[in-house]
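Letters A, B and C mark the chains as written, and numbering starts fresh at 1 in each.
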């Protein structure tokens, strides 16, 4: 079966500095994929590059196929039809994600006019229906309001309504709840999950929060320094992470129940993209690193039917983890 | 909203009073009009008679109250040189000044704003750099230097245009060009940075991610936002329509309000100087009020604040 | 049991906020009758969402702003009047670190000079001793003298927060207020700083007030945790016990909203409504409009923070009402 979207060897460099260094990802219809990693790992850049949303100084190479059709470097008119139509995006900062001088109606109807064949009166009715759908009370009146008249959580709901306007097959949610309070985050995540199931929409959830991704996705890809280092079904990744970085991320997360343990912090910091180490980018921070790690960057290789990891020490790493569990 | 403007109008009135007071005090402290107009050789009794006739021998606070009393009655005083009402002298010069400043304003807008937008949209390109270099040159070169340069090239060397006077439309070309270039440069720089600021905002990316074609992203999302800071500069430029050409009028011997001001200051022709300053303060303040109003119109966030206030 | 180092009794603080430029000003109760005690060498965690008043509480406890009502006692003595010599002496024993280390540091000075600054201000030691103390502090936060020579811009976020921590420790304070100290950091770096803070606390017998919206981090570092909602403490208790067995419906929702790997979102309590607005505080229990279990009484009567057994205190009619007593009796 052709995947909904498949990314092959996607690379991005800004002014000669590589920030994305060969990403491979595929997503089936209706699937929810989580993308985790720390700031600068390339989670957002992957999707901005795939949709041609990066500034002009970015050099993008590789291949992005939507339903088997290459869209990387496609003509602007075709990309405009895809963006918001087939693939919609929502972003982190609700306060500045909407145009402050235009009413919600203008911004919502703009999306509808671009991607749906609706006539004058029905456009507004549809806009109202979308606001209702995402749980904005008193939709008819609120359509005439401006973004600053809504709270952060409500703006994120409106962003979701705008994303749904084109009936997309894929929603890219880039840190959609990072700027929101815990109880509001729970509301937005629940809304996303409901809508996704109702509309059979695929979703990519980009987050630095492992918990958010684990709870809301079927499959998770872990990114580090512009590459995917591990990919696995969500439950397996968190129960049995193989890549030392994935293990480190999970160990660094303080538990909310059970006995307290000292956090297993990953030493050092993320490498500077302008001076990447040779070989595995994680090797300088890795407790298991050996000589071969510094020679060549490991490729993402399958270790089970639905799992892949980019680590030459994967076996040792797995044993170390099992050993830890046995103790 | 009414209250928002009531406060602004009150503040504007206060500004005018302060400007007029300042001018009143400074003019009286910086020289004796009797000496300036009658000359240093005039006999003392003539000087004394002149001072008495114009009330210059009264205490300054008395003169001040007298002056404001007159303004309240709509009288702006008479010229000490020829006794004509100051307002008449000023009003008859205004058309000449507007003949320069209005076309110049139009050129500034027509040149500066598109250049700024273009430069922002093609940031880092050759054209952007060219526009910005011209703009920097345009507002670092003082207008009298530019004026003299233009005279040197187009009047003296090439002989295409007259170097001064007001006899035909051709006489207006060099003054208008001088006035336009500096303003256009300021506008271009300002528009460019306002545009760049807006283009970097997340809502621009949101619009692109919605599938809005780039041309429409620029016209319907970026421009309305970039207009907000640009309006400030435009308002300031409207404020200088009456008295913004002092230097240029002097260089090109253009008989406008600016020339009148220079002559009146030199002669300590108090009523005329004060009348001009009052007029200038009023245009400045009015244009500021218009800007405030436009802000409310362009930016719903401010409108809401006004409505609740 | 050690005695309390910090004793906060019934502090309140309200601001007047105007809507628009000439709107009527309304009192916003940022903090409303908060009482806390922090024992020597222990950590009190303060959690809550934006607008809960947790940062204001931190500033009042540190004497950065005065309470309108109530009192803060430090080591048994009331806080000295700001600006006096006594106040400066007292302030040397308490320090604060914030979320944004770059904002707290001067970009134009090498970080070692900034760590040294409090020593100069309080006149501690000879110049040579100060040099030595700076090296010692850098070591304590696991940085090298080479890091000390750098400017803040040349350090990573985690390293900057270590510098801020070193500077806060320069005067050998007894008490440290940490306001969201790791919220801006990536998970792996966050773990480094949390571990470091825990180590330093043990070594130096520091007392901490740790303010954060992140329940996990708060639990990791705190002995006692207080949950704030709209300026009041709604629940307070021993950290492990509080998160394992939250009693207040708000705490329950917060714990349930905290996503966990290996758990699906089914069964989560999702609160309706917007985050609370301190300028429009509901009558009665401030949480009742969003509370899934609110009863009529919640809308009219403010619940008092009362003991419910052990060291747990809860401000909720449903928990402290008569039905609870019968349950306890049974």
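The working rule: a contact is a pair of C-beta atoms (placed from the backbone, for glycine too) under 8 Å apart; a residue touches a chain by one contact, two chains touch by 3 or more.
Predicted, not measured: the structure shown is a model, and the values here were computed from it.
Distance between Cα centroids is largest for the pairing of chain A with B. A count of C-beta contacts for the chain pairs A-C and A-B puts A-C on top.
Rounded to whole angstrom units, the spacing between the C-alpha centres of chain B and chain C is 54. Here the spacing of chain A and chain C, counted between their Cα centres, is 32 Å. As a whole-number value, the distance joining the C-alpha centres of chain A and chain B reads 53 Å.
Contact residues on chain B toward chain A in their complex (touch as defined above): 124, 201-203, 205-214, 220-221, 224-225, 228, 298-301, 304. Within the complex formed with chain B, the chain A residues making contact are 51, 53, 57, 76-77, 79-85, 88-89, 91, 93, 96-103, 110-111, 114-115, 146, 148-149, 159, 162, 165-166.
Within the complex formed with chain A, the residues of chain C that make contact are 49-50, 156, 158-159, 186-192, 194-195, 198, 213, 215-217, 219-220, 240, 243-244, 253-265, 268-272, 274-275, 290.
Chain A meets chain C in the complex at residues 38-39, 151-154, 181-187, 189-190, 193, 208-212, 214-216, 235, 238-239, 248-257, 260, 262-267, 269-270.
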